[in-house]
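Encoded as structure tokens, here's the structure I'll be asking about.
Letters A, B, C and D name the chains as they come in the text, with residue numbers starting at 1 for each one.
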Amino acid sequence: MSDHSAITAGIRGLGVETASWAYANSGTRFKVFAQPGVPRDPFEKIDDAAVVHRLTGAAPTVALHIPWDKVDDYDRLAKHAEAQGVRIGAINSNVFQDDDYKLGSVCSPDPVVRRKATDHLLECIDIMDATGSDTLKLWFADGTNYPGQDSIRARQDRLAEALRETYARLGDGQRMLLEYKLFEPSFYTMDVPDWGTSYAHCLELGPRAQVVIDTGHHAPGTNIEFIVAFLLRAHKLGGFDFNSRFYADDDLMVGAADPFQLFRIMHEIVSVGAHTPQAGIAFMLDQCHNIEAKIPAIIRSVLNVQEMTAKALMLDNTALAAAQGSGDVLAANQIFMDAFYTDVRPMLASLREEDGRDPDPMAAYHRSGYAETIAAERAGGEQAGWGA
Amino acid sequence: MSDHSAITAGIRGLGVETASWAYANSGTRFKVFAQPGVPRDPFEKIDDAAVVHRLTGAAPTVALHIPWDKVDDYDRLAKHAEAQGVRIGAINSNVFQDDDYKLGSVCSPDPVVRRKATDHLLECIDIMDATGSDTLKLWFADGTNYPGQDSIRARQDRLAEALRETYARLGDGQRMLLEYKLFEPSFYTMDVPDWGTSYAHCLELGPRAQVVIDTGHHAPGTNIEFIVAFLLRAHKLGGFDFNSRFYADDDLMVGAADPFQLFRIMHEIVSVGAHTPQAGIAFMLDQCHNIEAKIPAIIRSVLNVQEMTAKALMLDNTALAAAQGSGDVLAANQIFMDAFYTDVRPMLASLREEDGRDPDPMAAYHRSGYAETIAAERAGGEQAGWGA
Amino acid sequence: MSDHSAITAGIRGLGVETASWAYANSGTRFKVFAQPGVPRDPFEKIDDAAVVHRLTGAAPTVALHIPWDKVDDYDRLAKHAEAQGVRIGAINSNVFQDDDYKLGSVCSPDPVVRRKATDHLLECIDIMDATGSDTLKLWFADGTNYPGQDSIRARQDRLAEALRETYARLGDGQRMLLEYKLFEPSFYTMDVPDWGTSYAHCLELGPRAQVVIDTGHHAPGTNIEFIVAFLLRAHKLGGFDFNSRFYADDDLMVGAADPFQLFRIMHEIVSVGAHTPQAGIAFMLDQCHNIEAKIPAIIRSVLNVQEMTAKALMLDNTALAAAQGSGDVLAANQIFMDAFYTDVRPMLASLREEDGRDPDPMAAYHRSGYAETIAAERAGGEQAGWGA
Amino acid sequence: MSDHSAITAGIRGLGVETASWAYANSGTRFKVFAQPGVPRDPFEKIDDAAVVHRLTGAAPTVALHIPWDKVDDYDRLAKHAEAQGVRIGAINSNVFQDDDYKLGSVCSPDPVVRRKATDHLLECIDIMDATGSDTLKLWFADGTNYPGQDSIRARQDRLAEALRETYARLGDGQRMLLEYKLFEPSFYTMDVPDWGTSYAHCLELGPRAQVVIDTGHHAPGTNIEFIVAFLLRAHKLGGFDFNSRFYADDDLMVGAADPFQLFRIMHEIVSVGAHTPQAGIAFMLDQCHNIEAKIPAIIRSVLNVQEMTAKALMLDNTALAAAQGSGDVLAANQIFMDAFYTDVRPMLASLREEDGRDPDPMAAYHRSGYAETIAAERAGGEQAGWGA
């Protein structure tokens, strides 16, 4: 058993980054079900994120999405966050919601479109400068729907060019994370479909380019913790977009579909100390709360990451290494499972109380009346969504 | 080799049903890219469908979607179709785009919602009466996103109840088709996830309830032609929603992703004569032309079905049965592949010419100026889409 | 929370059936790694099964596989089992390991092969009579590897015929379970690929034919607990072949790959009382312990089923139903997850002690010296495997 | 349209490498069905490979598998091949069929096992020296079955160490190809599960290490031609293990399951001229002919590769590039599909006649009496298989 102080220090140090857009309305291509109290602007999104952090103590930063979170005065936005007790996290670029991007953004066959897309990436770095964010997160919807539609290879050339220009613009202490995704919204090829593609580009770019793993962006059967372990070993893991799925990119609450998988991922992280803030791994949520209430769903998600991290911290790594070294398959597996089956919730509740928080953040949220307050206060105006 | 007259009769008899909504704008949850010339109402959708039929001679009916295709006077709509040389095909119900349906329609835990949903299904039969359509197509987005969210079993009970009531309302010469789908928009359970579920409900309902196969609605690795063969044998195949996919429900043009699969499906159909109008199998398209021009994409799709049917009709079934019976795996496979590799396009072009059509419907469409005409004429008003 | 006596009664009543062949050597197509102490005949397999039952109190029956477990005197075998404290469970037929079955058994194009295969099924019922087994378990490796190789439909006709003849031979109090499998060893079609196919055949046969679910036999993304719930509702679930997998039919220890899935399955079972012996659901293990020691792996597997059943029994179904009825997605999910996250191991250890067993069956096995004893005693002779 | 001489030159230059073990018996874990006439030693395997080459003119090399193809005198084996008109191709190592390799070979936790495995790899290079082979093909069955069983990261360290030592031993003009595989025979982790892992190791090793793509070794939905295009662009594609599959690593004849996919792969190859011998891409077959006759199955497979290459060569790349550049999705796709739908078989038959071969290699084989001859001549002795 790991010693208790290391466990509590690990838990207290863990910071999960929530996403501004997860507080806004989202849905499937079939329907967006609007919810009461949803924020109408980036400031209100930050207010909600601050509630999550106050209750959990584990969500100190909030990611922005540009242009969804465009404001006139980013300094004011950053100060608003600070005043609420949170900080601006990663800046997420968006080059998929303009009519020009029908055939791609930085990989489009049209050089005018590519220029426009790259300019947007550079603009995002301006916003990083203005908000103090140190992380640019790049996800490209680029790809093709039909065989023959475009040259796979030429698109890689265009991608590499845009990435190089963007990388060159990064300032001191800034980095860029390149996300990959198997499919959707493109259905034949995606231009960055898997970790290998992202890794190869990041390697070419340099040390400030890293891979980000969205847990919902893989083919069925992909062993995600293998990728985590591999990238950690290669010093190329930049962070996560956490969520969970049963089928494709379902964007459900992290840990809801396969909590054991989340535990295995956190084990790879914890076993090399990558859960500490010093390690620089960004633990971000990227989820869609289409049918469940958004703020409590995000609280639950933060708790899920925290609980699986706690279980991973409980793992007796010395005993595990001994069993592994001796080739005792069943003993090693049992030590591993014992940590997973340990109920860490009482310990986490105690920790919260020690830190002056309610031991049960979900219950505290429901008691707080916040949901009712925002439903009333935010009644007018236009609710934020993916397109706003 | 089958004799030539049987082949040409088979091809001439084949009717593919196009979908009114495929002429309208569609997209992914990330973005709908609007296209010029897209119809603004059901009448204009029928105009486009008529163009496809005039050029191919193989698309005599068009399916409607309610409420997307709601009009005041369905008789007028049916007459408009007739005047254009096409007929109204299946009526598709929609119980997934109202805020009430957040937790399901006929399977919702809320009896008020279930009543509303079932009433819509009954209303669709009224529209069948008004338009002369003989087919009600039911697809339910119903399901759950999270384990524990609702009782799988109770939802089946509710589903069965709504289906019974709907079935009882069917008039003489009317039937209902029950579609299944593995996932999306629900991400943990779908209430009709697979053909087995649809089949079991249809069996209980009676002979006028049949299964409809959407080719994009299966788990990876599912052998669709097996399902086709099985349902044909059980007299429970009602029809298809054709499209193609590489990953999930991509809704690409049928035959674009895996033409050999489409050939195998049509072989099962043709080998028991189910391609003839008398067999009553509905060959419908259900596709999204998100980035490609809609009318020519639908022409291409109709041609793809026609070409694969022609290849299937070319198959030497006598030789195949002999090779199968003797256990000669390679010989049987070669006979099968020979049909697939036969280039049927010249034969189909000749057939079109014999019938007074342009041998190349795609080229004829581009020469016709129709695209330019509708882009100009339909400039004002609101383009139709999934939500309109 | 369910009341304690119901929980303990539920756990005490649960019987997991272990498989004789799981005590024997197994492997992949690449290699079978032989293990020391592996049984050399059916009697020794039963000895091992009895050890598992003595330590867990939850494995009272052992399934046989014919011809792997062929003996001259089945009455003697049954008595041997009884003397060891266990009973003979299901009789599993084997129509895939004879050279005649290269193109299938009951679905072969060759009527001589079909006759031979069906005769074997009938012989298995003779063995049921002789051993007192009440369950015939049918799994067919039948299928094709190449498109066109054989007629999908004709094979269904042949299958139906063999099943009818076998069903007719069943005696009073006997039943047959029809297993399905997506793929392997056939790679294009399997003749019973999914639950729908098995269900349709069982329905036609009559009430003594039921579906058996092997948890490793599905396409990626298949929701197994949906199938469980559906078949329970239709009174057509006969039992399980439990194991777990990450990819295909990996045959790992049940609960090792996705314990939450096993919990969800057991929840469907427990929520309708189908875990009791009276319900007649057979909870069988069908696993391959290729690299781990066999007996402790089977003990672990039995414990995994027991633990997930205990968690399912802990679930507060009243609170769950209330949350479901009110449409509170997050509350319902939380109640569901609370049961899963509860650590039931101390409770189960206490129960074992109350019943005069060691609280830790795995440790007790290792202390017992049984592994060393059989390694020494079974040194000569030929170890049992899949082909013996 | 490409000009005819380029097409014929491309086809005449194409060499497919057949695998010695594909002429031997193979099967699934359930059963190996022995076939008449199967070779009893490496010399007879080469005899069969020579028949395939004589009939097709497109299979000039044959890969060996060590120790399955161990002989006392490799020079004699190479000369035997030469006399038959073929050459020795890649040397395939085998570190998965010794009892020592139960927990892995070069990644085993046991250093003694790792040493033994690495020594085998070095021995394979000795055999390359002796046979004149220039290619070492490495595939590792290494991995784990259970979470926690071993350290993912430590196994990567061990893998890297063995690869470095092997790479250092390569002589002038020799290279090594590192194969990846998603799963099987390991079921939780494979130590080289995907192209990214192989690529990263090859990059670190140097220019003589390249990735080999087995078309059956991917997760469902993986776009293989994307990987082909990416690796070609990065100068890291070493070759293919061709086969086809519907589900997992089915090892069916290449082009049998999804001929359009094979066409797309060959298009990526042909579009950069990588089909020529000068490009150094090894086009190998790695298949299991479990139920079909082996030699004709291999002839068919060679023809399938040849036909898809011919279709790819027919593609009008100038028109394609123009359509792609203008963003005309449907036109680009149509040009692409036109090439696929072109029936190239008459052209290939003519080419064979021009080269003094029978226009129909399959028919010629059946007429030749070779099958009957070897069935009679090889009646005694032990047939070769995976374990021999």
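The rule is simple: a residue touches a chain if its C-beta (ideal position, glycine included) is under 8 Å from a C-beta of that chain, and two chains touch if they have at least 3 such contacts.
Not measured: the values here are computed from a predicted model.
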| item | value |
| --- | --- |
| Superposition rotation for subunit A onto subunit D, Cα-based, multiple of 5° | 180 |
| Chain pair with the higher count of C-beta pairs in contact (A-C, C-D) | C-D |
| Proportion of interface numbers common to subunit B and subunit C (over half same, under half different) | same |
| Inter-chain centre distance, subunit A versus subunit C - centres from mean C-alpha coordinates, in Å | 40 |
| Length of the line joining the C-alpha centres of subunit C and subunit D, rounded to whole Å | 38 |
| Residues of subunit C whose C-beta touches two or more other chains | 103, 145-147, 182-183, 188, 220-221, 223, 246-247, 256, 260, 291-292, 329-330, 333, 337 |
| List of subunit C residues in touch with subunit B within their complex | 103, 109-110, 145-154, 156-157, 182-183, 188-189, 193-197, 199-200, 203, 218-223, 225-227, 229-230, 232-234, 260, 264, 268, 271-272, 320-321, 324-327, 329-330, 332-333, 335-337 |
| Footprint of subunit C on subunit A - complex, ascending | 220-221, 223, 246-247, 256, 258-261, 291-293, 296-297, 300, 307, 329-330, 333-334, 337, 340-343, 345, 362 |
| Subunit B to subunit A touching residues, read off their complex | 26-31, 33-34, 96-97, 99, 101-103, 141, 145-147, 182-185, 187-188, 220, 245-248, 250, 252-253, 256-257, 290-292, 386 |
